[in-house]
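Got some structures for you, see below.
Presented sequentially are two complexes of chain A, the first with chain B as partner and the second with chain C.
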Partner chain A sequence: MQEGMQENCVLRGENIYKTYDRDSSITEALKNVSFYLQKGEILGIAGESGSGKSTLLRTVCGLEKADTGKIFAGGEELPAGDARYAGRYMQMIFQDAYASFDPGRTMRKSLTEFMAPEKSSPGGGSNERILSLLYETGLTADLLDRHPAALSGGQCQRMSIARALLTGADILLCDEITSALDVSTQARVAELLLRLKRQKGISILLVSHDLALISQLCDRVMIMKDGAVLEEGNTREVLERPRSQYTNELLAAARELELPEVK
Partner chain B sequence: MKPSVKDRIKRQKLKIVISSAAALLLVLAALAAPLLVPNDPYRTGSDLIRKAPGGAFPFGTDNLGRCVFSRVLVGARTTIGVTFLLVALSFLIGTAAGMLCGYYGSVLDELLMRIADIMLAFPQMVVAIAVAGILGGGIAGAMAALGITMWTGFARLARSHTKSIKALPYVQAAVLGGKSGAYILAHHILPNILAPMVTYALTQIGTTMIGISGLSFLGLGVVPPQAEWGSMISEQRAYIQIAPWAVLFPALAAVLTILVFNYLGDAVMDYRALSKNR
Partner chain C sequence: MKGELLKIEHLTASYGEEPVLKDILLGIGEGESVFLVGESGSGKSSLLRAVLGMENLTVVSGRVLYDGKDITAAGGKQRRELLGREIGFVPQNPAGSFNPLRRYEAQIRDIMGSHGLTWDPEEVTEILEKLDLKEGKKLLRMRPYEMSGGMNQRMAIASAMLLKPRILLCDEVTSALDTTTAARVVKELGMLCTQRKTALLMATHHLGIAARLADRIGIIKDGRMTELGDTDRILTAPREVYTKQLLMDVPRLGRGR
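Presenting the complex of A and B:
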């Protein structure tokens, strides 16, 4: 890491190894992965399915326990595999927005539950905070009395972003959050992420297989394959002058799908 | 033409309404039995032995001159009451154990599920007879005998539902939101597994009733002279040729009640399956 980045760094992973023991065969999901995320930065993680990018997110926030390696956030080392603890610093946004909410609850109930106690002031303060976050995420208050099934995919995904911000966490881990949405909704959720980054200084780890989205949103990008980081750097540099053959192949595949050109 | 899903759901709803009305009626009759009985169900009389149905004794009298109708009514209280209590206890214990196993996993899960496997390896009635034999009969013994295998069904179902809900993003989001395991079990998992658990409980009522009456029939459950359908059948079966009513009416009551509760359980299960696939 370069000098000067240290104090700006909000999240850091060092030499993370993670293996799965399934059916007596061992899969190496993450091989010596290190990364850092600076304040107000969006770091993209790209790669094909099974490259370990989602596992990396889940390990970082403690939903999975790393075999070895360290994760630092807010200047302290996080206990491995403790999502409750990691949740103080970061929240995860899942691919399936509908499944991110308890189907039997209204949005109001789901959101209130996530209110960080110290952030809710007595006497309706919590409600104000929810309303202001809804406004920031482009939602309206009438949606609060609906159940998740009565929202659109885009609304539901915005709700989960609003809920994540309610906890007071300023790092978001986004796992393919736009892939289940239609194209115009995708664009609006992408805009929302950019706005959160610019206006609130939210830092984001963005996992996606969509290189166009990554080129549009991310300051830096990390290309992963088979659980290892192949290359990492400024998004424009990596996508315009890829050093690894694999990145070239990914870009070629993306071009074949006629995705928009790199910014 | 195949009926549409909407029509089928409507039909299932009707089935649920009818069978739950019948079930309610049976439960009310059982509860109100002491008020409804025309005669003292325990009063014997040498002049009333094996009287055919009619007059003051709608179902006739048994070998000791007791009113069969009154005994069937009071027996409903025993059979239905004991069944409900047993299903409720198994539900509570099994669901709690299954949820803990499914959520926390590890050693506790291994231990409890292996015990459940062992219980399931033997036919329920065989285990029940063995246990009731060891405990020496009585209603508490019969309940323990059936309960020892019954909770495992609830535990397995609760465990598998809990495991699949635990893997859902909303539970993981709750963990990241700082919620404790106990909170998540109570607020997110229990409300979402309650419907399948209650449905399963409904389907267990009929089986449990057969179990209770079966053990009583074998003399391992309710002890005579207390009225219970199984023990009534057992007591009077020697006279089936001369006084068939003393056996037939309690048997009919048992069959009818088991049918009603099985029908209710099936209707609710089908309704849930249909509305889930809608």
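Presenting the complex of A and C:
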């Protein structure tokens, strides 16, 4: 166990800096970002487009390499920018689920390819594991013979969650995973995340610009702006008593689009 | 109904054999704002396409009336005169509205020119400002591929509004925007439409946007208008089970886990 790592902490980022050098101008995408995620916890990361919230997820799972800073998972420091290595602990779920699958392959092919080798025993073992994960994510076995285009948006997003869990990872990094979905489909996927957290102890970093969704799902929330963390804390406390002016502005925008109560 | 600008009378339409709209009845008054809410595939976009007369959609029965005239089968010149100046349209995919490589200014000038309107830089930047696109002059020199989806979307709204249509049809125009921007754009678009008495027919699955802007909301499911009523009534006292379910599925701030 790393020093300072809390006992049930499954993922931690320390002083992460990330800059992009484009057309000789430097953009600071992440400025000294630190966070922790506990087992079975959902941590929301909220902010507008360009706040750095997606970059943070991509850096944590090794798709991008941080300039400086450390990322710890499972009690060890992860090699920077190594998505394959980080993949044993965590998997990323993207907004566009269709783009996450090979359009020319059936779901069965796409799913088996991503199974942790030690967990796919010869014979029927791997199939059983797939079937039980499909069940847990609210899917049915007949969908396995379909190509991604023949799935609905909600089914495809569930498939990407099922595939992520098949790898054996128990941390999900979710990047706006419900924003392309209908209201009702979004609600069902949100329920799925809560069920995975409660029943399987899955831990989730949830990036969203939707504070209402965050208030419904997240134990804690982190507000980001221009690559920096403005505030962090218990979701209810942050949303009821925000410390930063910016959080207030985000809340005001969310309230603008809030529905009245059904009588 | 007084001043009915657009009237959809018992419209049934299909793509090939597949019926996508079933017996739709809807009237929209001058300056009124009606929102069509439903899931993807429910038929809300198809209803807009039927009004626009898009070719791949076949009207099986019923009519579309604009300003009292039957435009269901309007084609060629008559259709061209309607689209843009009378009936404006902002499609869901903003990238489809512009050539990605030409500067906005050239494209918007062309659009205005082809409708016999003159380019007024002040008017254009003012409208951009209203849609929260600051530094309009600079933006107009940019090309669509250099901008985010959300900015392109607002450019498409601006170019549609510049033609001063009497009714604006919008298909999911806020889906590329984050909540903060969506709230601002919706507010500004609402004010702009009120000022100009532009009627609005908008398809969306975002009930929060409908709550903010709509005079009336129509709920569409499987090609049918399952419920239609004043916004407040639909949102606070829905009658249909499906409407109640939709409202329950919208996440709300501060409602616990």
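Details
FYI, the second predicted complex is superposed on the first by the 253 of 263 C-alpha atoms of A that agree within 3 Å, B and C clash if a C-alpha of one lies under 4 Å from a C-alpha of the other, contacts with A are read in each partner's own complex, and residues count from 1 in each chain.
By our rule, a contact is a pair of C-beta atoms (placed from the backbone, for glycine too) under 8 Å apart; a residue touches a chain by one contact, two chains touch by 3 or more.
Since this is a predicted model, take the numbers as computed values, not measurements.
After alignment on the shared chain A, the placement of chain B and chain C results in a side-by-side fit free of clashes.
Of the two partner chains placed around the shared chain by superposition, neither chain B nor chain C is touched by A:229. Contacts of A:239 after superposition on the shared chain: chain C is touched, whereas chain B is not.
When the two complexes are overlaid on their common chain A, residue A:63 makes contact with chain B while staying clear of chain C. In the superposition on chain A, A:217 makes contact with chain C only, not with chain B. Shared-chain residue A:104: touches chain B; no touch with chain C.
When the shared chain is aligned, no partner comes close enough to touch A:78: not chain B, not chain C. Of the two partners, chain B and chain C, it is C that touches more residues of chain A. In the superposition on chain A, contact of A:48 is made with chain C only, not with chain B.
Once the two complexes are laid over each other on the shared chain, residue contacts for A:92 go to chain B alone; chain C is not touched.
Residue contacts after overlaying the shared chain place A:185 against chain C, while chain B stays out of touching range. Following the chain A superposition, chain B and chain C show a smallest Cα-Cα distance of 8 angstrom. Shared contact residues on chain A (touching chain B in one structure, chain C in the other): none found.
Taken together, the chain C residues at the contact with chain A in this complex read 39-40, 148, 150, 175, 178-184, 186-187, 205-209, 211-212, 232, 235-238, 244-257. Of all residues in chain B, those touching chain A in their complex are 168-170, 172-180, 187-188, 191-192.
Of all residues in chain A, those touching chain C in their complex are 48-49, 153, 179-180, 182-187, 190, 194, 209-213, 215-217, 236, 239-240, 249-251, 253-263.
Taken in their complex, chain A has these residues touching chain B: 61-63, 83-84, 86-88, 90-92, 94, 96, 99-104, 110, 113-114, 160, 163-164, 167.
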